[in-house]
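Have a look at this one before I ask anything.
Going in written order, the chains are labelled A, B, C, D and E, and every chain counts its residues from 1.
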Amino acid sequence: GLKEPEVKTSASKKEGKPSIVVGTSGGYHPFTYLNNEGELDGFEIDVWKEIGKKMDIEVEFKTAEFSGLFGMLDSGKIDTIANQITITEERKNKYEFASPYVYSGAQLIVKEGNEEIKSLEDLMGKKVGVSLGSNYESLIREYDKSNEINIITYEDFIGSLQDVAIGRIDAVMNDKLAAAINIKKSGLKLQLGGDSVSTLENSFPFVNNAKNKAIIEKINKALEEMAKDNTLNEISQKWFGVDVTSK
Amino acid sequence: MINLDFQFIIEIFPKLLSSVHITLSLTLISMFIGIFVGTMLGIIRVYKIKALDKLASIYISFFRGTPLIVQLFILYYGMPQIIPKFAEVSAYMAAFIGLSLNSGAYMAEIIRSSINAIDKGQMEAALSVGMTKWQAMRRIIFPQAFRIAVPGLGNTFVSLLKETSLAFVLGVSEVLAKGKMISAATYKFFETYLAVAIIYWIITLTFTYIQSKIEKRLNTAYS
Amino acid sequence: MIEIKGLYKSFGDLEVLKDIDLQVKKGEILVIIGPSGSGKSTLLRCLNYLEKPNSGIIRVNNTKIDSKNVKNEEIYSLRKESAMVFQNYNLFNNKTVMENITEALVVVRKMEKSKAIKIGEELLKKVGLIEKRDSYPNSLSGGQKQRVAIARAMALKPSVILFDEPTSALDPELVGEVLEVMRDLTKLDITSIIVTHEMEFAKDVADRVIFMDNGKIVEMGSPNEIFSNPSNERTKEFLRKVIGK
Amino acid sequence: MINLDFQFIIEIFPKLLSSVHITLSLTLISMFIGIFVGTMLGIIRVYKIKALDKLASIYISFFRGTPLIVQLFILYYGMPQIIPKFAEVSAYMAAFIGLSLNSGAYMAEIIRSSINAIDKGQMEAALSVGMTKWQAMRRIIFPQAFRIAVPGLGNTFVSLLKETSLAFVLGVSEVLAKGKMISAATYKFFETYLAVAIIYWIITLTFTYIQSKIEKRLNTAYS
Amino acid sequence: MIEIKGLYKSFGDLEVLKDIDLQVKKGEILVIIGPSGSGKSTLLRCLNYLEKPNSGIIRVNNTKIDSKNVKNEEIYSLRKESAMVFQNYNLFNNKTVMENITEALVVVRKMEKSKAIKIGEELLKKVGLIEKRDSYPNSLSGGQKQRVAIARAMALKPSVILFDEPTSALDPELVGEVLEVMRDLTKLDITSIIVTHEMEFAKDVADRVIFMDNGKIVEMGSPNEIFSNPSNERTKEFLRKVIGK
C-alpha cells in the first residue's frame, strides 16, 4: 500500500492522516444507500473503504442530490464522486477519470410476458424510456438513424418502470445490474428484454489538475491491487452475486 | 474552482428554447384552471357555504400540505389502479391536472383573504340595490378583491412556472428537464441551470410587466 | 306598504331593537328621529334584511318574511321592492359615478345600457354632479358621495326607499334640492322612510314622525304633534334641547 | 401494479422523523428572516422610497424569477469565488440564507398588496394625530395589513416547508432527502413519498391550526 | 395662530383651491361654510399637509412651511400642533374606542398608559360613550363613530383643531354637547377651524365665518355680518335658500 502521508486533498480537513472526501447520492441501491442502521452502505461504499485501507487515508463520505454532487466537485467541496458514473468522451473533456472499476451494459426491460422486444431493432416504432443522466438516449439515437424510436426521458427510474408496467411505454433501457435488481425489488410485473446491448465502463471523476493527477495514480494503483488480491471481486460478489468489476 | 463555460451556455439556449412552449403551456393552462378552482374554493370558504366548507378545507390542506410530486405520483400512477380508464391520461395531461389542482389550493387562500379585505358595506350596497349574492360577487366584490389578489396570484404564477419542472418525474420534459438531459451528458449542471434561470427570468420579467400594467389599471379607481 | 311586527334584534348581549311594531302606508313619508345609538340605522338595515332580526315579521307589499323561516328568494324579492341610502354612502368603489347609478339598472332590472345611462344623466343633472360622471367615489367630496348615493337609490324607482341620514353631508342649498326630489317621489307613490337628525328637514318633509329611543318606538304622530306637542317625557326632553336653540 | 407496503411506511417513520428538526428549523428560521426581508421590501415598494424602489424591484424579480436551486448554487458555489470568506459558510447556513432571501421576495409581494388594501384614511388619521410615518405603519397599518396578509404568508410557509428539500443539492439532508436515501435500498419510492407526505401534511395541519387561531384573533375587530 | 398665504391646490386639471389667504387668531373659532365640492375639506387637509399644496405658505404657530421646499420634520411639527376630525371619521379600525383615544397620547406624547386611559375615560364620559370603551369602530353607529373621532382629536389638546363637519351624524341633543365642548376648547386657547353646513350651529359657535365657493374665499366676517347682512351675491343666494326655510 501507499504509506507516505503525502496525499493532500483540497477538501481534507483532519489533522494527521490525509483524507479524501467522496460525494455520493445515497439514493442508488445497492451501490449507495442508507442501511437499516441509517448508515451509508453499498457497493461504492465498500469499494472506497477498501481503497482507503490500501492508500492508508481517511475516506469521508458526503451525501447530496445527484445534480448537486457536480457543483460540489467543481467547487472543491468534495474530491470525487462514487455514484456509478459512466465514462464518455464528452465527460472526459471536463473531468479526469480513474481506471474503470465496473463494467456493465445497457439492458432493456419490458412488461412480463412481452417476448417481442429483445434487441434495439425490436424497438422500431415503440416507446422506450431512459433515465436522466444515463447515456442510453445517445446510444439509441446512434442506432436509430431513421428516427423511428420514440424516446422518453425520466427524472426517476422507478417512474419509467411504473409506466412499462402500466403499459404507457413499451420498454425501458437502463444499466443491466440496476435492471435485474429493480425488477426484483419493485415487485412490478417486468422482465429483462433480451441480452445487454452494449458495454459501459464506470469510474470516479476528478477535477482536471496536476494535484488530482497524482491522487488518481494512487487510486489506480490501489484498484489494481484490489483486483489482484481479489477484494474487488469479493465486494462485487457480496452485493451482486456476480463479478461486475472485470470485462 | 468553477470556470463557467459561456460558450456552452450560449450553445444550449436554442435547445432549451425548443421546450419553452411546454413550460409555458403547462403554466398558463394550470394557472387558468387554478384561478377558477381557487375562486370557487375561496368563495366557499369566505361565505362558509354549508357542507362544502369542510370539503374545501380538506382539499386546500391536502394540496398545500403534501409535496406536489406525491400528488403527481398519485394522479399518474395511483389513479389508473382505481379507475383503469385513467391509464389513458397522458403524462402531459396528468401534469396539468396536478398543477391546476395544486395551484388552485394556493390561490384559494389568496382569494379568500382578498375578499375578506373588502369592506362589508360594498356587499351590502350591492344587495340593497337588488343584486343576488352572486351578482354582487361578480360585479362589485371580485373586481375590488382582484386588485388586492394580483400580487399574490403573481407569486403563484412564478412558483407554478418553476414547478412545471416537476412534471419531469412523469416524463414530461419542459425547460428544466431538457436542461438536465443536456447537461447529463456533460455534467455542466452549473452552466445549464444558469441558462435555464435566464429563460425563467425572462418569462417572469415579461409576466411581471404585464402584472404591473394590470395593477395600474385596477388602481385607477383608488389613486 | 310596509308592515313590521314584533321585531327584535340584538348584537351579542346588546338589545338594539325591542319589539318594534310599525305600519307605513303606500306613498307615505315616514321620518325617524332619535338619539345616536337608539337603533335607527339597525331598523332600516333589518327592513332590507341586511341584518337578520332575532325575531319578527317584515312585510313590504306582497313579500312577507318571518325571521323564523327565511328563504333566500324572499329576501331577494324584498330587496327588489326597496332601495337604500346608507349612512356612510357605500358607493361601489370600483365603479364610476355613472356606473354606480346604472349598474343595478342593467344587472338587476335588465335595462338596456343606453337607457340606463339616460336615466343616470338625468339624475346626475338633478343632483348637480353631471360633470363628475366619470369620476371614482374615491375622488369625491363628502357631499358629492352622498348625492351619488341618493341618485343610485332613486334610479331604481323602487316602491320603498330607505334613507339613512340622507342630508348629513349636504349644505343647506342641496338639502332643499333633495327635499324637492323627495316630494317628486311621493308623486310616484314611492314610500320613504327617512332617518334624520335635522329637525327642520323632518318637519318639512314628513307625513308622520317616529321618535325612537333605546331600541323602542317611544312616540309616533304627525310632525305637528311630535314637534309642537309631544306627549312622552323622553321626547319632550330630546326636543327641548333641540328647539331650545 | 403498486401494492402499498404499509408495514414499510410505518417502519421508516422514525427514521424520517429523525430529520424533521432540520426541515423545521430551516423552514422556521427562513420564514422568520423572510418576513423581515419581505416587510422591508414591501414597504419600500408601497411607498416608492427613492433609490431603493428600483433595487427592491430587481431583488424581487430575481428571487422570484429564477429557480431556487440556481440561487442556492450561486450562493454556495458561486459566492466563494467572489468573496473567499464565503467558502466557510456551511451548506446548512447557505440553505437557510438562500431560503430566506427567496421567500422574502415572495412575501414582499404579499405584504405590498395587503398594505395597499388598507384604506388611505387610516394612514391619514395616524399622521394627523402626530405619528411619524413609521409609527403609523407599526401601530395602525401593519396590524390591519397583517390580517389580510396571513393567508398569503401561510402559502409561503407551506411552500417553504417543502422547498427545504432542495437543500439536499447542497448536501443538507432533511426529511425528503432522508426518505430518498432510505428508500433507495428497497425501491419503495411510492411508500417513502407517501410517508414524507404524511409528515409534511401533519406539520401543515398544525401550522394551519395556528394560522386559523391567529386569523380569528385578528378578525375580532371586524366581526 | 394660523396663517395661509397664496395657497393653490389642484387635482389633475381640477383647480380646487385658488389663491387662499387667511389668518386665524389664537383661540379663535373660525367656521367655514359653502356648497358641497367648494374645497372646504381640501383646505383643512392642506392645513395638516395630508394634501401637498401646489403652492403656498402655511404657518401654524412657529412652524412655517413653504410648499416649494418642504422638509419632513416641518410637516411632523406642523401636525403636532394640530389635530383633525375627519368628515368620514377615519377611526383606527384595529383599535378599540379607548385605544383610538389613547394611542397618540402614548405613542406620540409619550404619556404613561394609565394617565392616557384616565384622559380617555373622562372624554368618553363627556361624549356619552364610556360603555363602548372596548368596542371596535366596526360595531359603532354613525354618531358614535363621530363622537369617538372628536374625542380622539381633543385628547391631544393641540393648539389647533380642524373639524370637518363634526356634527353631521349627531342628533340635536349631541350637537349641543359638542358645542359645549368646543366652548371649553376656547377657554384653553385652542384655535378651531370648523367646516359645517349646519347654519344654526355656525351662528352659535363662530367668532368669524368664511363663505367658500368654487375654491375661493368669497366672503368673510362675523356671524352677524355673514348671516344677516351678506354683501356678496353668491353668499346671498346661498343663504337665501337656507334662511328661506
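As a convention for this text, a residue touches a chain if its C-beta (ideal position, glycine included) is under 8 Å from a C-beta of that chain, and two chains touch if they have at least 3 such contacts.
What you see is a predicted model; the values in this text were computed from it and never measured.
Ranked by how far their CA centres sit from the centre of chain B, the chains are topped by E.
Rounded to whole angstrom, the centroid-to-centroid distance between chain C and chain D, based on C-alpha atoms, equals 49 Å.
Chain centres here are Cα means. That of chain B falls 17 Å from that of chain D. Per-chain Cα centroids separate chain A from chain C by 81 Å. Spacing of chain A relative to chain D, judged by their CA centroids, is 36 angstrom.
Chain E has residues 88 in contact with two or more other chains. Shared interface positions of chain A, defined as residues touching 2 or more other chains, are 67-68, 71, 74-75, 156, 162.
Contact with two or more other chains is made by residues 1-2, 69, 73, 77, 119, 147, 190 of chain D.
Contacts between chains, counted with the stated touch criterion, involve the pairs A-B, A-D, B-C, B-D, C-E, D-E. Within the complex formed with chain C, the chain E residues making contact are 11, 33-37, 41-42, 87-88, 139, 141-144, 147, 164-165, 168-174, 176, 197-200, 204, 238, 241-242, 244-245. By the touch rule above, chain B contacts chain D in their complex via residues 1-2, 61-62, 64-70, 73, 77-78, 81, 106, 109-110, 112-114, 116-117, 119, 147-152, 154-156, 158-159, 162, 165, 176, 189-190, 193-194, 196-197, 200-201, 203-205, 208.
Across the complex, chain B meets chain A through its residues 1-2, 73, 77, 80, 87, 91, 168-171, 173, 177, 180-181, 184-190. Residues of chain D that touch chain E in their complex: 119, 121-122, 124-132, 135, 139-140, 143-144, 147, 220-223. Those residues of chain A whose C-beta lies close enough to touch chain B in the complex are 67-68, 70-71, 74-76, 88, 90-91, 93-95, 129, 132-135, 137-138, 152-156, 159-160, 162-163, 166-168, 205, 207.
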